[in-house]
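Two complexes come next, and they have one chain in common, subunit A, joined by subunit B in the first and subunit C in the second.
Now for the complex of A and B:
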């Protein structure tokens, strides 16, 4: 656990003196408006102190389930014997004894200031009694998460409609509901010096390679972050090649995707505060995989998957191929097509490369504007974009109609990549290849492809080659990637 | 002690060897073979492949006697320290020569066919940079990139041959053995020079992690390259006939015959573009061997620091080896081929002979 604050010695144990304990906690937590120190006397006249965070605790439940039983007369009459017994037996058995009278399931013993602060800031209510060097943390979480909704970034026609939310326990329940087995392990840790964000490492024992789990845990342990706002903070920190544009982990909002990947021997990191969980190790083929590939007829899935491969290549290469061919290799274009292209390009003042750059940058700008604007205004952007860029620029003779078609096709192709993070890569790589194609023609384009392949060959995702199972080749692996139904067969 | 920690599988090595042999041989071997063998040119690669078989045998033999050592390292033990170092030095001088020549071939090929007005330096320089990147990342990456590209190249080759079938005139096949078998044997010298490049096995064997089936896999690789060369020669013969030897790159002329549905034509630019992949693998392999050999010869622990300067040296060599296209033709002719054969076939044979002698003497003495 990270040290929370250096003001007090956090490893310090509680003392039997309630006032001292109060002072110790006050020193660390004192200046916070939402931390409540509530001192009272129980029904049998013991002094007690309840410390909780009013913004995280369900105060109504706190009053009903914790405070009123303790203040009430029946608490004193019932617990006289118990109080006596825990005074004599010491604090080892005390929690269970007192706990009997508080109708709550989740109770934790807390011995140090450090643990106490952690418990309070996680939304637990801490109860300290006089003459006891031990506190009890009652879990009374206030439910502030949104409802489970359909995932917006990964929609499918057929398949479960549930998506992860920002609440970790909701997410874990979604996962556990899908995998009712003791082999599913959920290992919790915290990350972030100031945020103390809970991260749950999920894997299926018996399927996953144990060395992989050790590797992940050691990388997580080495990671020192100030805070974790989104899963990418973690992804960035534990990825193999941190300067690669290619995502080395899948981020997904879908519990069914996480469950399916766990069954294939991958691990998942579910992070509190974000609906996006991370899955690794992955290859480039996982980036071109949609959950629906597993939910539809296998021939259809295979067809759609190959369509996606082709369009992934198109999304990176098409504008540069157009630039290269129209600039350097006109002889490749059939005569009729060449005539129509040259007629369209006759009035254009720019060389093909400049034209392509203008259009691609305009397209990227439109897309970015459409994403950031409120939904109601987003439609306006597309109208303006279609009218100004598509219609007016063509008729004004600034860009040619074939170029507009190329850019539109490229745009559609990049929308076909199911993982958003992988789609970004194709948008980024398009530009350098376009410049290479404009300077060296098809040769330049091929050099660009070679550099990308070199990079992909050297890339690893948690020890797994990014191009596997094609390089290094394994016939079994290729079969598995292309079959689309390995999960069900794995279970068999 | 090896200068690279990466390991490849035996299949990866076999795949790596395909473009190493074929990338340039498919382009220029047919016309050179035609020059000597005439109509029997299709037979020459078969004779030439015996050299390949011998070279593979030598590489595996040396490796069996001195396991997990490259040919440069084992030469120190076979010949003794000083002669061994001399042997390595010979390769240190020869390898940049060969690599420079391959780079120059690539440059001329591109300049002749697709980028006539681009300075040769830009064409070759960009390629060398890309290859140096590949080599720096180690044998594993070289192996993987070759796997990806070989699948593309093989698909392209098959497609080219298939689309050319309707243009072929098998009657060019005759007359058979017009002047007896001698021309075809003489014509096997150029393919033999390419087959002798199988000696790269001797440099790369220590990086192979599973060696149980290595012999079989290497023979498979040799079969593949031999058949491809025979088919290439046959296609050139059936398509262009006696004119084959008047073109520098007859396969490219052949590609001009391809039309798909009267719509796609003149796709030779695509073929050139894909062929770049093959030449990329070939230059990478030789650059890798040159870098590791240099590092081993100087006793370095890591070959990576020498990659960049050596690639630059190879680029400079690509200008020094020849001054123009006629010179290339000369270097690639019989005398040039004999020069190649001496280093890639003659020296290793001598080395293996010494190793066997040493073993015999040792066996007799002990």
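Now for the complex of A and C:
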């Protein structure tokens, strides 16, 4: 545990003097309304100080399990021996220290101010006794997390309905419930100068490449953040190419997805305070996978997966292709279709590129408005949007009907990408390619595609090529990506 | 240019400088190669659906059928669908020039939008124009980048312009009627490319479908009508020579292996009435033979058909009688083929059916040495016609239907 505090004297050890210890703690924590300094005398008339954070500690349990046994009469007789041994053996003997006859299992010895502060701010109650240069931290967390609910961002028809919550220990329990093996390692660390957010690195020993774990840990160590509000803070910090629009880690709120990925030799970062965990290393094909690919009939999964690939391309390219072909390469359109398009476009005042831009931007605005607004108002937005864009704009002759179809299809296509982060990329890349297509025709569009492919093939996610297993090609890998069910592989 | 850049930024290493210059040049070249100035919106196009070629004096008259992209599917629109062509979705523009290219150029001056030939799928050439030689038109159609080489070519004895001016009540445009008829294989199925190849090839001839204009329903505008296929125009060299109509055209199509969609009445000996046979499939194969320096051709025709009408009183379910019908049909087909051959060999002395192509393919060396004498060889060539017919079905009924008193027996 890294000592993080700006006060120089914090590495200082506790003194045997209780009043000094009190003063030291008071200096650091004094101005906080929720930090309680409770001084009292134990059953055998020892001065004691209990420091805890009232907003994090379960006060009722504190009183029942810690304070009342100490104040009680029977405390004195037992604790005489304790105190004696405590004094003679010093604070190295933890066996006797924990034997304070308090009905609790999670007790930690605290020697420095710094450790003490860390413990208090993590919701532990710190107990200091007179003439002892060591404190004890009792874990008495107040449970404030919401219940485990169905993940909203990644829903499936078939599959577990549990999703991660904001509470780390709940999340770990969800994961541990799925993987009852000692090989599952959960390594904890903290991140954030002010937030001290706990991050748990999860992996399965024996499956994962140990070099990968070293690499992740070193990257995490190098990361210096002020705070961690969401997993993206971490993702951004430890990703290979930080300026790439493509996500290099999967963020998921499904414990089953995390567990399945751990079994495939990936690692996961579970972060306190957010339901979204990170999984890496991944390739672009992981972005186009849904957990349900593994939960349903393999032929259907294969079909849906290929549909997703096709629509992923459509979501980036369709408006550009339409613009390029209708403005530069009319001979490529079947005659009858061209006649319909020309009839629809006859009264449109804008060039196809401008028309496409208007529609796409309006669509993005609508989507953004729909996401940000409260749910009840969101429905109104979609009604207004559908009416204005679908109906009024076409009948007023501002936008042609084929363009509405193209934009709608593109919208549906981008919704088909199961990973939200990857879907955003397709929405973003659409615009530059559209401009290229509008200015240079299909040549420009291909130019855009080439740039994207070059970028993708140079991209790495924790050393793994982003286009793998297709580039560099591996027949085995391709087979694995295409075969949705590799349960057999897990077994051996 | 590069020197100046070099002097300005001495700190940049030479290799990097080159790289940057190259990158900049690449980016600039993309802007120069193609760009917004080549952009043509669909609204700025005059989409040409069909082209007609006529002659006026010794000049070429070119007609373009242009699509009017107005929303015609309004429904409420106008009850004024009388004689005005307001309901039409196409219009025509005609221009005259000393050659096709000039005519085309003048055509553009009569249209307010960019004339776009990329969707011209039908070309109608009047017999008048093809008499003067197809070469000049074909070269233009195959050279000018916008025109499709798989556009259908039709011939007409009227003015091509009149056919394009039609506003068919069924189809969107007469171009579409023509194209659909080409797809239905009512006549020959000839594209610009086929036409050029068959004229340029050793047979030096071509056969085009001949289109006429259906007389409009009385009271209707003369434009509200359809083109229809009637007969074939025979092209020798690149000139029009003759028109053939039924029954001769059937024989010609048969030997061209392009006979389709036909019902043939067959007389039966010693019977009143006839049996009509619908052709199901027909395959014509040409087998050349050179024996003892004598060139001959074997034509084998396999025809399958079904009976659709029997106006005789005889039942044809009996296999024996069935064979008789087949024999009669065979006789008829043989006669048609022989007439067509006579026309080709003796009268016009033109190899319409591509015998020369077969000889060239099967006997390339002998063909090379005898190429010069081909005309004489062809005229006197012995041709065997062997027709095999098969009636696969006699239809829904067995006995003749509707014969008075039939069921009394």
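In this section, the second predicted complex is superposed on the first by the 477 of 492 C-alpha atoms of A that agree within 3 Å, B and C clash if a C-alpha of one lies under 4 Å from a C-alpha of the other, contacts with A are read in each partner's own complex, and residues count from 1 in each chain.
By our rule, contacts are C-beta pairs under 8 Å (C-beta built on N, C-alpha and C of every residue); 3 or more make two chains touch, one makes a residue touch a chain.
Because the structure is a prediction, the values reported are computed rather than measured.
Student: Do subunit B and subunit C fit side by side on subunit A after the overlay, or clash?
Tutor: clash
Student: Output check: A:345 vs subunit B and subunit C. Expected answer is one of first, second, both, neither. What do you get?
Tutor: second
Student: If we overlay the two complexes on their shared chain A, which of subunit B and subunit C does A:328 touch? Say first, second, both or neither.
Tutor: It touches subunit B and subunit C both.
Student: Which partner does A:49 contact after superposing on A: first (subunit B), second (subunit C), both, neither?
Tutor: Neither: A:49 stays clear of subunit B and subunit C.
Student: Could you tell me if A:441 is touching subunit B, subunit C, both of them or neither one (first, second, both, neither)?
Tutor: After superposition on chain A, A:441 lies in contact with both partners, subunit B and subunit C.
Student: Using the superposition on chain A described above, determine whether A:450 touches subunit B (first), subunit C (second), both, or neither.
Tutor: After superposing on A, A:450 lies in contact with subunit B but is clear of subunit C.
Student: Could you tell me if A:465 is touching subunit B, subunit C, both of them or neither one (first, second, both, neither)?
Tutor: Touch status of A:465: first partner only.
Student: Which holds for A:422: it touches subunit B only (first), subunit C only (second), both, or neither?
Tutor: Neither subunit B nor subunit C is touched by A:422.
Student: With chain A superposed, which of the segments 25-33, 61-69 or 367-375 in subunit C collides sterically with subunit B?
Tutor: Clashing stretch of subunit C against subunit B: 25-33.
Student: Can you list the residues of subunit A that meet both subunit B and subunit C?
Tutor: Residues 328, 331, 440-441, 443-444, 447, which sit in both footprints.
Student: Please name which positions on subunit B make contact with subunit A in the complex.
Tutor: Answer in residue numbers: 8-9, 11-12, 110, 114-115, 118, 122-123, 126-127, 130, 133-134, 137-138, 140-141, 143-145, 147-149, 151, 263-267, 269-270, 272-274, 276-277, 280.
Student: For the complex, give me every residue of subunit C touching subunit A.
Tutor: Touching subunit A: residues 30-31, 33-36, 38-43, 45, 47, 49, 67, 69-72, 116, 118-119, 121, 146, 148, 172 of subunit C.
Student: Give the list of subunit A residues in touch with subunit C in this complex.
Tutor: Going by the criterion above, the answer is residues 326-328, 330-331, 335, 338-339, 341-343, 345-348, 351-352, 438-441, 443-444, 447.
Student: Considering the complex alone, what residue numbers of subunit A touch subunit B?
Tutor: 325, 328-329, 331-332, 334, 440-447, 450-451, 453-454, 457-458, 465, 467, 470-473
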